[in-house]
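So the structure is just underneath, and the comments pick up after that.
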Amino acid sequence: MTDPLLRIEDLHTQFGTDSGTVHAVDGVSLTVERGEIVGIVGESGSGKSVTARSILRVEDPGRIAAGTIALDGVDLTDATDSTLRRIRGDSVSMVFQDPAETLNPVFSVGEQVAEAVRIHDTDGSQRLLDYLNVPLFRNRSAWTDAHERAVELMDQLDIPNPEHRSSGYPHEFSGGIRQRAVLAIALASDPDLLVADEPTTALDTTTQAEILDRLRTLRDERELGILLISHDIGVIAQTCDRVIVMYGGKVMESGPVTDVLTTPEHPYTRALLACSTRNVDADERVTALEGRPPDPLGGHDGCPFAERCDHVTPACHNGDVPTIECGENHRVVCSEAPLSDDSAKIERKTETTMSAAETQPSEPHTEVNREKVAPNDEGTR
Amino acid sequence: MAVVLLGVSLLTYGMIFVTPGDPARTILTQQMGGQTPTPAAVEQFRAANGLDDPFVVQYARWMGGVVQGDLGQSYYSDQSVSAMIVQRLPNTIELAVASMLVAVAIAVPAGIVSAVNPESRADYAAQFGSLVGVSMPNFWLGFLLIIVCSLWLGIFPVAGAGGVEYLVLPALTLGSGMAAVITRLVRTAMLDALDAAYIQTAQSKGLRERIVVYKHALRNALVPVVTIIGLQLSYVLNGAVVVEVVFQRPGLGTLLVDAIFARDYPIVQGVTLLIGVIFVVTNFAVDLTYRRLDPRIDLKGDTA
Amino acid sequence: MPSNRLTQVGAGIVLALLVIATFGPTLSPYDPAEQDLQHRLEAPSAEHPLGTDQLGRDVLTRLLHGARLSLGVAAAVTAVRLVVGTLVGLLAGYAGGWVDEALMRLVDTLLAFPGIILALVIAGILGPSLVNVMLALAVVGWASYARLVRSSVLSLREREFVTAARLLGRSRTHVVARHLVPNAIAPVVVLATLDIGGVILGTAGLSFLGLGAQPPTPEWGTMLASGRNHLREAWWLVNAPGVLIMLTVFGFNLLGDSLRDALSPTQSAQLGEL
Amino acid sequence: MRRPCSRRQFLGGLAVGTAGLVAGCSSSQTESDANDAFTVALERDPTREKWDVYNGITPYFTHVFEPLVGVTDEMQTEPLLATEWEAVDETTWEFSLRDGVTFHNGDPLTASAVVDSFTRVFEQWSWVPGWIGVEPDGVTVVDEGTVRFQTTEPFPAFPGTISHNYFGIQHPDATDTPVGTGPFRVTNVESQKSVTLTPYEGYRDDAERPSELTFKWIEDPNTRLLSLEKGSIDVAQTIPKSRATSVDDASETAIETQLTPSAGLVAVNLYKSPTDDELLRQALNWAVDQAQLVKSALNGIGKPARGPISSVIPWAVHDDLPTYGPDRDKARDLVEQSGYDGETLSILVNSENADDGTVAQILNGWFSDIGVESKIRQVDPASFNDTFTAGEAHLTLVGFGSNSAACDYLIRAMFHSDGSDNRKLHERNGTGVYNPGPEVDRLIEDGYRAETMAEKREHYGEVQKRVVNTGAIIPLYYNEHVLGRQSNVSGIDGHPIGKMLGWSTLERK
């Protein structure tokens, strides 16, 4: 069968910090096909965001120690910077979490979208002075076309009267419109793969639904492959075709959304589903998961969820945990699976209301921040 | 702002009355090349210049003139103070603008370099270099520059005012002093900007690193830098006094120094008032530019 | 933010200066006023590490003696600025109403003036002497402290622990002394450290214009200013004090910068606006 | 030849920001590169004089205006615009004008022009009548070739007094550029920068003169000297004495010194204890080594003095004045014998002159050697005179020089009881500062009225002897004026009075 749009094979991404190397991604494999939305779900610090960023190696993504990332069969792991740069925004685009932050406050929205269009319409040469709109060096015609294309894009994404609004500044728009603008930027060059890192976390539920709808139409209209990262199972359930559950930098369970979320095999997936308010009646207490996510320093063998798992056995602590097929490409990485039936069946609520309490704070940057954040701070969220 | 301007004028005019010594006698002695004036001459001089009137009357008369742009009459040369100021103002403004340009030209690249690769040798060098600039007494730096650039390298005139080449050394002397504060500010602003989320968006768009830094990050970093440049004006005017003496640029600085030593009070008051006014006006102008630069701040002044 | 390496350098320089200021006189090989007209303007040599000046006096000795004077003057002026500024700031911040309004207008007026020019006018009229220079620089410089203290007092006043203290019936002075001053003091100390450099340069500038200390006092600024007449033959005469002044100001600025980074964001913001 | 300004682009590496700011060194230098055009840098701004007198340019140095009477190198009067003059009676002088003299605009020199020039000066400065002893209405036209001056009292030295540049004759009509009768005429005045002159063809002698003379204002002595060393000026007036030797040794530059009619001395306050004790005053004199002082404080530029009047002045009696040949032990004995009880003497110094500061510190050192404590008090120029004439200090460093042939007012101002230095205290309580007393006053008045130089020398000589004997002053040095020039420039016509230096014979090898 032809190569999948995106193939990640046993990826290990690590960060050197003052107090040792952080194994943020500790052997992850996944694939994304064209016209398919694959979700990665997991708590903060599970490495889901680092996995997404490793694809394009954006903003100090850390070192890829092992494993391969292939896009349309082309291996990206040791691609040179310039090839990576050509792919960014062209075949792979990214959308980030907080629209208030991800748009540059001092440039108009139209300018930022037009810029994305310009990058990919020329032969890849970007002259600084041209982009700085310095009068003499400015390629006037290219910019006007880019602005027109930008208005079209904003229109496609249902941003109201884009011709007038495109000269507005980000702070003059609502969260939803801003995220649409970010989407417009991502779609400027008609990419094959869209990586969306918590795109709706900062939005209210109605806007969130609109954006997720928009993703699905994009998948259908443009055969777009989408990798959606979220900590919110409701978002994943509502949008994705397949889901990958990550914990402690490893994949715990993956498979079609319907199977995994209705018949979760992995104890962690079950715990995750149990503490999601969606699956609990109004009067029931939400069961919280005791303990803390694993310390990413130094990496570890065996199942990272061992200390917090109810079904833990000595085998879980060491050696590599087997991957068990338990349904049509529904895999579980657990030495005790398949578990007994009683705790497995959890009815999944259909409506997608999400209570405020349940929204997780934004996933912290696992990589070391500049001086302000102490090195081993990220584990204590 | 008007209140402050009034305060400035009161302070300027009042300063002279607080100081000991009878201005009339000192000025007459000065005029006579050192001989002591006769008491009659002193009396005649006091009457002629209305020095016997009470402070309020003199102040009102002076302010009356100031409002119409007449800053009074110098005791020595018969040119009016305003005429002398108008003659010398361009030199000082020329120096101020040039030194600000030099400061920015040194500080912005230095700030960017040290922000783009923090804790590197370049970072320390940029900070170390700019701090040295501000730590050197500027007349010492001035003389060293003259010796090196003018005498040994022979590429600049020693002193005087004229074409651009007369402006370089004084601007370097004054500008290097201001560079430190601006470098530090650019560095912090750039670090914050480079950390912001919109940088990731820019990178994920496939923009070349240089454009990400010089367009997206720098544009945000420049907003606070503009305000600091306005506030640096006071540094320039402070330094101008000494630099103009060293480089023989007949600007407001030398005019003020000579007037002080010759006790030519009308000039002292006129120049000090003008410098105070320029200062207040620029602070106000800086506020305006700040708003225009950062669209997030609308005229009501609250940030989004 | 300069990492701790630059901070150590800054602290090191300042420490060295304090040592020189305290032990300078005992360390110095000669008597600062002892003239030796036969050995005028001699280049640095074994017995005169920094050469001799136009009267044959040992430059190193004069610099060591001068350390106590120059740093003393700078510290004294900064102290006066700090005390006056803090008092006015506290009064304005705490009293509020028209008192605050009046004081702040005065502060704005003083801040509207480039300090050195005002100091020049005052010192020029009072005549050249170190005391006049100190007086002029002190009169000019306290305004920035007042504004800083006032803004920190205003921000502290609303904080709970102040209102709590008032509720407990503490007297106003107690509140000011026990609560406001300790919290307001940190940014003020940082401003003072950054300010000392400015005072030293100001003194040197005024000396250059002929308003400095009376001869034969070995004050660094005056030595630098008078050294300029031997610019090229006796290069050590002007460059020795020049380098020392530069190092001192550099040390204080470095120390000030790193102290500023230790401040809380709100405090450094208040400082930043100055 | 002056070093041409190099074409190199300035610091190509400096950030892009300044590239636009700096073109290569512009070729249009202000001084034309012609071989016989010269630039002289002055200490004071040549363009800031009073407009209605001399049309705003300095009467000194430029030789645009000529006074009636000239001054020879021996400080004697000589005919200039006036060919001869005679004292018609004790208080009336008549000067006959040189004929064939024309102003720069071609108008002939007339007596009314002379009267008009003097009136302008009287109107400008109220103290001039007191100085030259002539009332504003005392200057009248006898006929177009003769002018009469009426002095208020017999004043034999009157002709010498009006040789001062202040009394340079100007054209009576108000003109925008200054018009005089001198060898040079004004072509351009750049306010607060420079005055440019070219030779006046109609001048009475047709000697070869430089084609252009520019007087540039460079106030700071070091900057002035650096400009000389850079080669952008030909002559630098009064360079710091401390730098004189190195300038002379350098190959491109040289110095010229000239003994002037001014002397540096310490005025000892005769009426303020403890310096009212003659023994102490003599002790101080014994402690001072003038030769060493000149060598170390003035870098050898100046002549060790024995009295208060420079030896250049005709009636100075330098050679037969008593000397205190330095002898520290004798000084210490005298201090013991005197009533000195350890009180600190104050040394007043004018902060404007850097050398005075050095001299004061040397004296301070020598005095403490002989057990006399002293403290230096530096005062700014404006209040220096007030403090001195109020008798506040024990010792004051003063320097008096005359800018005209008549130097009588020097000795009068210093030692006469109502001379300008002593008048304030003398009128108030009959004392003064360093006026020895009525006996000396009478001698000064006799000298003032002396007809012949020999008579004047005899009276004034006696005054100098007494002043030195009683220690009313401590002589220091006779001042030597020093200017720097390019080594290939010569022909500066030296003159004791710095302001009367001649530039006509300037040439460049």
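We just call them A, B, C and D in the order they show up, numbering each chain from 1.
Everything below uses one rule, namely that a contact is a pair of C-beta atoms (placed from the backbone, for glycine too) under 8 Å apart; a residue touches a chain by one contact, two chains touch by 3 or more.
Not measured: the values here are computed from a predicted model.
Of the two chain pairs examined here, B-C and C-D, the one linked by more C-beta pairs in contact is B-C. Centrality annotation: B (chain centre taken as mean Cα position, compared with the mean over all protein Cα atoms). One simple way to say how far apart two chains are is to compare their mean CA positions; for chain B and chain C this gives 21 Å. In terms of their C-alpha centroids, the spacing between chain A and chain C amounts to 55 Å.
Taking each chain's centre as the mean of its C-alpha atoms, chain C lies 42 Å from chain D.
If you average the CA atoms of chain A and of chain D, the two centres end up 88 Å from each other. Residues of chain A in contact with two or more other chains: none. For chain D, the set of residues that touch two or more other chains comprises 222, 226, 352, 380, 383.
The multi-chain contact residues of chain B, meaning those touching 2 or more other chains, are 21, 143, 147, 245, 261, 263.
Applying the touch definition to all chain combinations yields A-B, B-C, B-D, C-D. For chain C in complex with chain D, the touching residues are 33-35, 37, 40, 54-56, 124, 127-129, 210-211, 214-216, 226, 228-233.
On chain B, the positions that touch chain A within their shared complex are 118, 191, 195-208, 210-211, 214-216, 219-220, 223, 293-296, 304. Considering their complex, residues 1-3, 5-6, 105-106, 108-110, 112-118, 120-122, 124-126, 197, 201, 204-205, 208-210, 221, 224-225, 228, 231-232, 238-239, 242, 245-250, 253-254, 257 of chain C touch chain B.
The part of chain B that touches chain D in the complex is made up of residues 21, 25-27, 29-32, 34-38, 41, 44, 76-79, 87-88, 98, 101-102, 104-106, 108-109, 143, 146-147, 150-151, 153-165, 167-168, 171, 245-248, 250, 254, 261-263. Within the complex, the chain D residues that touch chain B are 3, 5-6, 8, 10, 14-18, 21-23, 25-26, 28, 30, 45, 48-52, 125-127, 130-131, 191-193, 216-220, 222-224, 226-227, 229-230, 232, 352, 380-383, 385-386, 389, 413, 420-421, 423-424.
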